[in-house]
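Across the two complexes that follow, chain A remains constant while its partner is chain B and subsequently chain C.
This part shows the complex of A and B:
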């Protein structure tokens, strides 16, 4: 069989056969994670103390935390309580969209690398570096222009700066993998620690805002930040930034599915040996994908600085790690990233609502993040469960051995 | 991960030699640098070189390096068993986190340091069991499942701490005192080897035992076969799945000992940001790669990283001109440099792949 033919069949089978199945598996993983999360909330509720009147009772036992309330707040609270009247676009819903915007970029960043067969765990670090560079260079440029013209020039400039610096930082593990055979999982994780260390050094020293106790840069003027459209802006959300994100989803989809570069990336991800045999420059593809992946992470950093904080501060929230979840949940498909980012935006935004409404620690969402990844990673589990449910009449498959499910290993 | 595996024999042979000599060279350069610093410091005691030499040759640095290497080396030993059996365990970091927290929690509840130590080991082993089931039984991608293990522990430990103690940091518990071997502890410099926390001695024992199990026992041979040529092992009538379960569980036990020792030696678990484990599990992976899956090699390369970490701590205390935040990242930078020099160590042939018994 000729190599290009083989690639074609593999691709077709992966794309065609698994699209519906992927969605089913992701949904099942999500539901299962929430169930496990609910049990965890109940168990945690037994381990802490509260007065008898605060407790809720299930199965005749008292618990300090009520999982129903927790998940009600987590989901409905994040949407700004659409069923209880008084919904306003400037409420919690815009926080959800704000988180979604950032997760779109970090999710796309991870997804692109994954499609090339590369585990980019370093989106967090690329975001930190991109954000820091944006804060410093936009601050410098903001003295040159001002007003509406300033916004039109500075915002795209800032996004570009984030992309360039994030991209350069992403190129480091790319070069190390392509030319020194260094495992990218380890190098990107190390580069996360290094990015945090270096930016902390810069922001607590040379570039520290002298008027602030926190380790942060001098705040950007208002005209150098994302303008607020429709939404009031009280929650630091800009529709313009979200639009950027939606465009990025479409652009990456087009790039992966309809360009020669995208074809190289996908084949390298599925069949690296065959791709190279078929004429793909493996080293160049690795460096290019990680650079582009880093650029997307860097844009997330730029958004974080120009939309949310208005400056760069040490201790950037873990959008990069959440991007891993978003991408895995989306089956590394750019369009899927759109939905998964919204869903995870709800989770992130809902966390603050939960924190206000209950005593349940906000780290719960961190646990859910891990559980979702774990469950999505084991499609075989859901296939087994699915088989059990559907062919109850026929012979039940053995738990080990037996015939393989007929799906290619991913 | 399907790596190029159709290389011809001679090619992989020369590659092996190249890699091998690169490793020897790196080790040689390190030793030479240390010696040069020592000689330089002896010649010019009042310069920065002199200060470095003082720091390197100080007994405190050696004992700090030993203390710091405990969690990394234990995790590295665990990683060797797991990866050699064909399951890449990138979740070592998570195993360290969960055991570090549980050890403190159990100690605080029961009042017994060693019971707490056991509790930490148990927690880590259970999490490793989950990882084993997911990867061996349900054929999950090992890297993604390993990441999940890390992220679950990263969320769960501070979550539990918050629920139980109302903050990400636990209260302090009594630490196990240092054990001092009479006479030997008085030897200059090397005395640090004989006056240390019990966990350091435990580590020495674990390194020796791991080496013995690997090189001299049937189980060690099975583990290696399970990673290199599972089919042959299967044909010989040994269950590949069972060997892999045993190896992954063993990695949970070993990493659990490292995590428990980490928090119990300090008497507290701190869960802010990346928690007190702070990347030690990932450094452990590099340590065993650099040590070429040899328990003793892994321990020595751990000492290299931990030694650097110990030096940066001592340098910070002495207020050397380099800023604290930058000194802190040196171990991470060194990891990348080492990885770039050593490159891809020849990972076990079947590592990362699911093995289906009776297939084909």
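This part shows the complex of A and C:
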């Protein structure tokens, strides 16, 4: 009885938190993560050696790394230093938005599957397949059109190709789960390896660019890549792609909340028996939501190829896996994915700034990033601690039951 | 004789409902005390008060003569009270020993590790002392329901219970297991334990209990010695005012066959044939009732009818078309409404609010989900009208269905299903857990639908309900229709015998399987015959 009782009270407390409380707690979590991170930076700075002139001094003690500089670079650096003058849209801010764009799509991909009660770890593989297909088919199509017309035709075409191939690749675990009862966690992980392996084989053999040492396809012509608008092209960021991502956030939100399909998906995810009762075809919903999830992953691959690399290359960064964290951080809510992707984008882009600006080892910056995500993802924990501190155990005494006749326990 | 448990003037109110009204209950040590009453009479509420799950609105709880206040079941357990719920609280993949000791494991190495050997010994000792037949190393998922129940009892004994409350313990058991359970209860009382046993079955109360207290509409209407009473007296105490028989039920004006099943066979997850060669039909304006002890295939039969399981063999027709292979959604769209028996698993999405729940099953309908787009304002109106018409409390469409009491959840489901303008209503326990006033309301609505020419298939564990509402009544036993009778011309005793599997040998022409032969329009003005 004790365990369910406790879970009950935990839930009641969680439910009890108001919106303001939640915002306050999330902010507190961020601040706390920075404080803990600062201590780590100081300790690490104490354990390395540097010249006296390089060191900073706090409380009369010298440290090799300065936490203030580290966090300043991590956040303000990622935003391109908006307060120090000379802010340019084509600077680090573009990098942040570029990362955000890709994480939007992978985050939405994971979130959609999650809402249907499916853990899609395969977004990475779907992205790889979508990216590869985009590179090859756009390359083929780019010989047919060119110039501005080419951009107008090829970019949507490439996104569509990414969506279709990513979607098909997502449909495989969907079909396996719906009709063969195969666990999607295992199938999607395996399909990630298969995607990586097959694309490496293709890109190092049949479709390899003969003029390059790397395992990559022939680069796409410029007119077959995302156009740069407002932001310069130095950082491989396109506002068009970001706008597309924002539209995707809104569209997915609408799909989930305002369509019958979304209702089917949410019902199956939360209570499959009730969904079945309500006439939802479980198998079809699984296949459809994993296909759509895969399509979103595939679009991320298309963006990666047509916005960032300009070709497909083996060794795609782990945007798909980061999408899992983004989605969980967002509570699998499409609108939340927007904010979570931005936070993630800032952290990813800020990391490189920190590495340029300080001697702090990249591993330590990784730890700081991890701390921030961990703390922000656990607001529940902090909310509980906060509550427990406020009402100090009136209930604690009563649980020992006492002996017959001893009713004086309240 | 001394009193183990004394409930003194317990009143428990819920918003809008008085579940217990000034109930006195005294239970002697070392006896089996049956708490008898219809569903919704307040039996479980009263025991939940004793077990610390509810705080009484007024009244006192005395254990061993001392007044106690229980804030949680933990306190009740510490006072030596154990409760075995109708739905077992066991962890399926864990062993019997692990389940019994869970939360109170003997430890070793200063509390760092569970002392598995000591735990096993304790369980073996306990089961030997009370003559229980359990395998301490078996996994719960591998043992029978009867054995799971014994594990629940051992769990309570392991925690030092002197008073055991059993909530409808026989509902899930086979007749043999029921007999075994009663032997266990005898052994426990012989060793000084006290048993309170909640039931709505007269026979079981008479068979197992020393004393019987009857609850009706939340009030104690009498405590009698089991030896000094008879079924007729008990039935009268229990039912009192004959709620169902007061319903104005005009003779059925039956029309065409709406739904028909022929030679239907259904297997459960383990491949056991739980419905075997069942045939029946139901016509416009007719209530076809199916009675039987829970677990004799009724649920599987209606799940096959409503499209939630696919039958192994046989054929289902609806409005003249073969729907054996059609999907659940097709059946909903062609006019089949279904009040499911698991309202919290199937009938409602617990985390959704009532607006979202009002949509369940209609999300693709042209009214609420035209062109795949959900009309939320219309859905909200729909939810509000259900809430108003069926008196769902609290009357707030934004509350989650989880926050509603069971009776209100049920009223909401009934309202939603009845408002589909169905051709066929399949109703499983439509009034389970609903207060008396609403029971009558739901019954009236059911009969209104019948009058409008809707066909109704009704299953209920309440014999009075199926008997009072049905035009024809099939009795199901071990997956077969053992007989189809005219409910007005059959006594409760006769039905009870049929439900226990005794075939009606002298009634040769009215055998099971003949159900397709429609009984003559049941114009018997029902009244007489009850108990």
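The rule is simple: the second predicted complex is superposed on the first by the 298 of 410 C-alpha atoms of A that agree within 3 Å, B and C clash if a C-alpha of one lies under 4 Å from a C-alpha of the other, contacts with A are read in each partner's own complex, and residues count from 1 in each chain.
Here, contacts are C-beta pairs under 8 Å (C-beta built on N, C-alpha and C of every residue); 3 or more make two chains touch, one makes a residue touch a chain.
A quick note: this is a predicted structure, and the numbers were derived from the prediction, not measured.
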| item | value |
| --- | --- |
| First, second, both or neither for A:273, with chain B first and chain C second | both |
| Touched partner set for A:180, first chain B, second chain C, both or neither | first |
| Partner chain in contact with A:239 - chain B first, chain C second, else both or neither | neither |
| Partner chain in contact with A:198 - chain B first, chain C second, else both or neither | first |
| More chain A residues in contact [chain B versus chain C] | B |
| Touching partner for A:306 - first (chain B), second (chain C), both, neither | neither |
| A:113 touches, of chain B and chain C: first, second, both or neither? | neither |
| Partner chain(s) touched by A:370 [first = chain B, second = chain C, both, neither] | first |
| Contacts of A:264 with chain B and chain C, given as first, second, both or neither | second |
| Touched partner set for A:281, first chain B, second chain C, both or neither | second |
| Common ground on chain A, meaning residues reached by chain C in one complex and by chain B in the other | 271, 273, 399-401, 404, 410 |
| Complex contacts: residues of chain A adjacent to chain C | 1-3, 5, 258-264, 267, 270-271, 273-281, 395, 398-402, 404-405, 407, 410 |
| Sites on chain A touched by chain B in the complex | 40, 44, 47-48, 117, 119, 121, 176, 180-183, 185-187, 189-191, 193-194, 197-198, 200-201, 204-205, 271-273, 315, 321, 324-325, 328, 361, 363-371, 373-374, 376-378, 380-381, 384, 399-401, 404, 409-410 |
| Parts of chain B lying in touch with chain A, wherever the complex brings them together | 1-4, 6, 90, 130, 134, 137-141, 143-145, 147-156, 158-160, 162-164, 168, 241, 273-274, 278-279, 282, 285-286, 289, 323, 325-326, 328-329, 332-333, 335-336, 339-341, 343-344, 353-354, 356-359 |
| Chain A partner contacts - residues on chain C that touch it in the complex | 63-64, 66-69, 71-75, 77-79, 103, 308, 327-329, 331-333, 338, 340, 342, 345-352, 356, 359-361, 363-364, 369, 372-374, 376 |
